[in-house]
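All remarks here apply to the structure that follows.
When the chains are written out, they are named A, B, C and D in that same order, and each has its own residue count from 1.
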Amino acid sequence: MAIAQETKAHTHPKMKISSRSIVLWVGVVFMVVFCLAPALWQVLTSFKTNAAISALPTIYFPSFSDLTWDHYTSLGAGFWRYVFNSALVSLLSTLLCLGLGAPAAYTLARIKLPGESLILGGILIVSLFPYVLLFLGLLEIVKFVGLGNNYLALIVPYSAINLPLTILVLRSFFQQLPRDLEDSAKMDGYSTVQMLLKIMIPLTIPALVTTGILAFIFAWNEFIFALTFVTRDAMKTIPVAVAQIGGSSVYEIPYGPIAAATVVGTLPLLVLVLFFQRRIVQGITAGAVKG
Amino acid sequence: MTQDLIRQREQRIGWLLLTPALILLLFVFAYPIGRAFFLSLFTENLGTQLQPIFSGLSNYHRLIEDGRFWESLWNTSVFTGVSIFCELVLGMVFALILNQSFRGRGLVRTSALLPWALPTAVMGLAWAWIFNDQYGVVNDILSRFPFWETNITWLGDPTRAMLALIVADVWKTTPFIAILLLAGLQSIPEDLYEAHAIDGATPWQSFCQVTLPLLTPQIVIALLFRFAQSFGIFDLVQVMTGGGPAGATETVSIYIYATVRRYLDFGYGAALVVVTFVLLILAVVLAGFLLSKARINVSGGR
Amino acid sequence: MSQSYLSRLGRACARITLWPSGLKISGLKILEAVRGKIAAVFTVLGRGHSRGVKVRWFKFGAWIVGTLVLLQWLVVPGFSQSPVKIQVMMQALEANQWQEMEAAFEEANPDIDLELVEAPNATNLVEDLYTSAFLLGDSPYDLVYLDIVWVPKFAAAGWLMDLSDRLSPEDEADFLDGDLAGGRYQEGLYRIPFRSDGGMLYYRTDLLAQAGYDPPRTFDDLIQISQSVQEQGLAQWGYLWQGQQYEGLAAMFVEILRGHGAFWVDPDSLEVGLDQPNAIAAVEFLRSTIEKGISPPGVTTYAEEETRRLFQNGNTLFLRNWPYVAGLAADSPIADQFAIQPMVHLPGEESGACQGGWGLGISATTPHPDEAWRVIEFITSREVQKQFILDTRYVPSRRSLFNDPDIVAAYDYYPQLLEVVENSVLRPPIAQYAQASDILQRYLSAAITGRMTPEAAMQAAARETRNVLGRA
Amino acid sequence: MATLTLKELRKQFTPEVVPVKNITLTVEDGEFLTLLGPSGCGKSTLLRLIAGLEQPTAGTVWVGEQNLNAVNPGDRNMAMVFQSYALYPHMTVADNISTSLKLRQVPPAEITQRVRTVADKLDISHLLGRKPRSLSGGQRQRVALARALVRKPDVFLLDEPLSNLDALLREQVRGELKQLFESQNRPVVYVTHDQIEAMTLSSKVAVLLDGLVQQLDPPSRIYTHPANKFVAGFVGSPQMNLLTLDCQGKVAKLGHCEIPLPPLAQVPKLIDLGIRPEALSVKGSEVSDQELVIGGKVFLSENFGRETLVSLRVEGSQDVIRALIPPDQTWNPEYTKLVVPFSSLHWFDAETGDRL
């Protein structure tokens, strides 16, 4: 029956190829342009000479003389260090966030606990607190625990800030999984933890990937905490490093090198997203229930 | 008592699974929030040599008369309301598109995530440059249309500056909503649509009657978090307008950040934090109440 | 098996820097103590009959911790013991420019290790970073590299050391008055100026010659000449200034205020002068440059760089900006076609250049004030400063350097520059300057964008400023 | 080897919602107990109580001499087949089947052996490497069965395992199930709302309503001697004719008919009469005195092919009686007489519904 469904889905568009697919492609084109145009402008800027960047009229299709690699070479090999720092902090904070968030979300979705709604309410309320305003209190904690200039000073807050979102999203996914699956697993002899690891988690991969990507990107791009908690140059993350890129004067904003740094700093992220978006595949629970 | 042994065991494991996350949340959130509530009852600024002096509710009294705070609150509300509305509509459209199967979907999905992936601080600069009245791309494109005023000072006019901020924010965060909704769409079984289509429903009807209700948990979560993020907007405004012109784009976060970090007025800053936080909670509670009136479960349950 | 894993883990945890330093010593003990409990937890998780799972959990945990340990060792360079470390933080851009001075200093003073910590180039972020460091008590920075407007706040907060006794009379005489004044707060001296800065008027010599005008002296001159040059089609815009809502707006405005004989805040009496008629006239002047089409409407969104680029593109007659433009414009299409002079003023009033610039202060909590002072002495000494100026084209803080033959040979306009910076005007040196400046920026921005009339805006600004000053 | 015993089980969710009120049952080895009842009668909850997926509010579950109340579902050594099959979608068929054995630390060689045996028996050997997604409904159902059988559990629990199959397949699988579980010689508890399944498969049927067992008997006795009006109406298709009649003396009045009452201690005012449609026939030439004759007008006839269901309005009353008669039999459209042996009449107390 499932096979029948799939083939049906393939033949379906053919019948209405005209109206439906035209609307779809118009939508796709609009979306791609909307999302990419400003980013591509940034890419173009990263290759333009300083003169071409501020030339009037605006240069959309630069000639060879308007193009340069200088902005990239000016970043220097040291920039990879910042990329590494960002990757490390983002990866660990994402793992921590998912590692703590998924069990918590499962518990809140399926295990009845006294005070459960209070906990849930607390998580909701905490998520409303503008995170920028946490920095002063956190600074004191960081200082007190002696975490200054330690990756943990970034990893822990990033995880915590993403935790409410992770918990709520995963919880709603756990709730949507058929309950029979868990009952079946219990009958088979899975303990709660094993069941979470072997059955529930594999089935919520789309949600895990989704929240994971969101958390990872947040950590990758966060600025204020990264600026405040880490001052040692070797441990700075990309956004802070970009803020340190200098022009010929303190007043000048060096658009070219900043654009280049953005491109270099975002490419790893894109590769990651490109790789993981396949995991957000349709119908991972198909076949679990019903004929 | 033996009757509940299994339940007790299950609950014990539940607490074990839940506690680490709660500890982390407490560790990061409890102290700063509690500290704000505590400090808001003290005067601690340059006038007191940065020593806390108990002053009761005087900070709150001062806050009520602080036009700048209420103006920034209004600015933030306008910004939040307009941008979230646009993001939700666009994000839903994006999610529906990305949920279709077509050639190159992987690339399109990735490109749809790109705005979210680019650092806000940097893209704020880029947007400021795009909206620049002399060199900006926006004016350059507009000037190619006849009858358009050229050299519009986007960031120099209160309304237009707000508009520019909203455009930049919508661009930046629509992917956030889109990907959350997309993940939600993935969990809606295909056969529901087929059953509905067999019943003779138009696509619009099945959207309203199948997609929307089943997507409610994700929509509510996305809205909630965008609301919180948007209300706390900081770096984008800081970089693009710095709160100007004439404070027309100053948001609450910007004001509080300045009060605490630049004016060193800690007690008053804490009072600002507390009031903002409480107002946000009230707004969400109210929204939740209205939603539950509309028989939608906020927490995502059934 | 699991036991040995844990004890190994414990020993590893106690060593690594990832483990919070405050807990470093007790780390092993704590872990030993909770070991039994952790094992119990894992037993519950693994539920009796699944011993394989239990082992796997440990392996998993060990993997994660092991990876962290490894990364941490890779990443954190070992601490090497050095003589006396003196740390100072500054914009990354400037830290690079300081490299040679740093090397020279360390060569001359082997017992001191001067460390430059790089910060972002936005000055407000540097201020934030210093602020955070001081708020936490013992700042890691022994020296503070200060923008002139931070001095009152940092001094009032008690973060800086009074340097009055340390400065020699000869140096005191050589430093520019405005720069020294900017380093004072109440009775003390908290900052030794290193490089100066001041706002001034750039004008296009070629366009003025073509139109047959002398450089302007008064505000009326400036408007008249601009309109005439614009009418003749020689330039698109007459006058560029910084109108974005940011600190530069306040800096620019104090010059206009001085030119109108008005003042912002009197630092001694804390009197506010923003709502006096001549202050309102100053705002009306700025507004009129937009209304008369002399300045582009977008000027209300411009900071230094936007105005410089527009000026360098060649379509503008006058520009108010800092000295750094002179160096950059010399490499642009308008090279040799511009000159500088002090800001214009009303007849009978004086021109004023907003005093900017950076200098060094000593952190109140540093354990090495004497070593820090040696750094200041070295860096601000005439010879070192001279070399730095020659390398970077910054403005010196010592009078004697403006007419130094080597410097004049390199930069011929420095004698004129001295004339500009000698007439400097300070932004009010009050502890609440940041707040006062924000108030002014908001209302000034409202006035020049036409949201409020100049009169209403200045009255509101004055009222709020008085509130702030009265409160503290 | 094992006996499943339920003692005074009760499950209460809220004061109003009590799906299982007080149930005591025993299922021996080789017995096939079907819990039969309409939806909401508590049969699924009862099954989940046995499995340990729900905790009883009161009462106990025993296998042999062991009280299972504090034992986790996975440790009860019961296997359950779910209505939705609940296959793990991310595992292959082989993994789905072998998971429970792996968790019980069965040696790998034995696992392979047992999986192969059960797959052969259910004819799914060729599917072992596939994922549930690519299986048909019938195949999934077999995998779900295999998953239960491979464990050789103490007790089998089946929750409407056939309800998601189409009618044809259902009939076929029903037969196979019967053979399969007869050979297992274990207690089987089977939940269904389908009376045909209950009748064909079970050695014992418990008819449930409102959380209480209405009747616990072998299927044939459930059919021939329904314990009360509910069971009588629920079991049998087409449904039994149930008429509420006035009593006068020792007879009950149905239209012009006077039907002698069974021997009763006390004659009630009203009494319920039940007649199975298949017990009625169109009156032949002769009527024995062991038969009741009911006359009336046929106003509806439905031809099922194998037989015809005629609906007749009883002469002198508004009551309707339906009868199942051979398709070739004819009747007088204006006035037809139906006969039924007195022995096929079922009497029920009008108030309590109990069989008299």
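Everything below uses one rule, namely that a contact is a pair of C-beta atoms (placed from the backbone, for glycine too) under 8 Å apart; a residue touches a chain by one contact, two chains touch by 3 or more.
What you see is a predicted model, and the numbers here were worked out from it, not measured in a lab.
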Open item on the list: Counting only C-beta pairs in contact, which chains form the busiest pair?
Closed with: A-B
TODO: Just grab the chain with the largest centre-to-centre distance to chain C, centres being mean Cα coordinates.
DONE: D
TODO: Can you check how far apart chain B and chain C are, centre to centre, with Cα atoms defining each centre and the answer in Å?
DONE: 31
TODO: With chain centres taken as the means of their Cα atoms, state the distance from chain A to chain D in Å.
DONE: 54
Task: Intercentroid distance (Cα basis), chain D paired with chain B, Å - done: 56
- [ ] Please set out, as single numbers or ranges, the residues of chain A touching at least two other chains.
- [x] 54, 56, 136, 140, 191, 193-194, 243, 253, 283-286
TODO: Hunt down the residues of chain B that sit against at least two other chains at once, touch-wise.
DONE: 13, 134-135, 261
TODO: Mind pulling the residue numbers of chain C that touch at least two other chains?
DONE: 45, 50, 128, 132, 309
Open item on the list: Which residues of chain A touch chain B once you look at their complex with the stated criterion?
Closed with: 5, 8-9, 24-25, 27-28, 31-32, 34-36, 38-39, 41-42, 45, 54, 56-58, 96, 100-101, 103-104, 106-108, 111-114, 117, 119-120, 122-134, 136-138, 140-141, 156-157, 159-161, 163-165, 167-169, 171-173, 175-176, 191-193, 196, 206-207, 210, 213-214, 217, 220-221, 223-224, 238-239, 242-243, 253, 255, 258-259, 261-262, 265-266, 269-270, 273-274, 277-278, 280-286
Open item on the list: For the complex, give me every residue of chain D touching chain B.
Closed with: 52, 55-58, 69-73
Open item on the list: If we count contacts the way the header does, which residues on chain A are in touch with chain D in the complex?
Closed with: 1-3, 178, 180-181, 183-191, 194, 199, 202-203, 283-291
Task: Touch list for chain A against partner chain C, complex - done: 54, 56, 88, 92, 95, 136, 139-140, 143-147, 150-152, 191, 193-194, 227-228, 231, 233-235, 240, 243-253
Open item on the list: Quick check: in the complex, which residue numbers of chain D touch chain A?
Closed with: 48, 51-53, 72-75, 78-80, 82-90, 99-100, 103-104, 131-138, 140-141, 147, 164-165
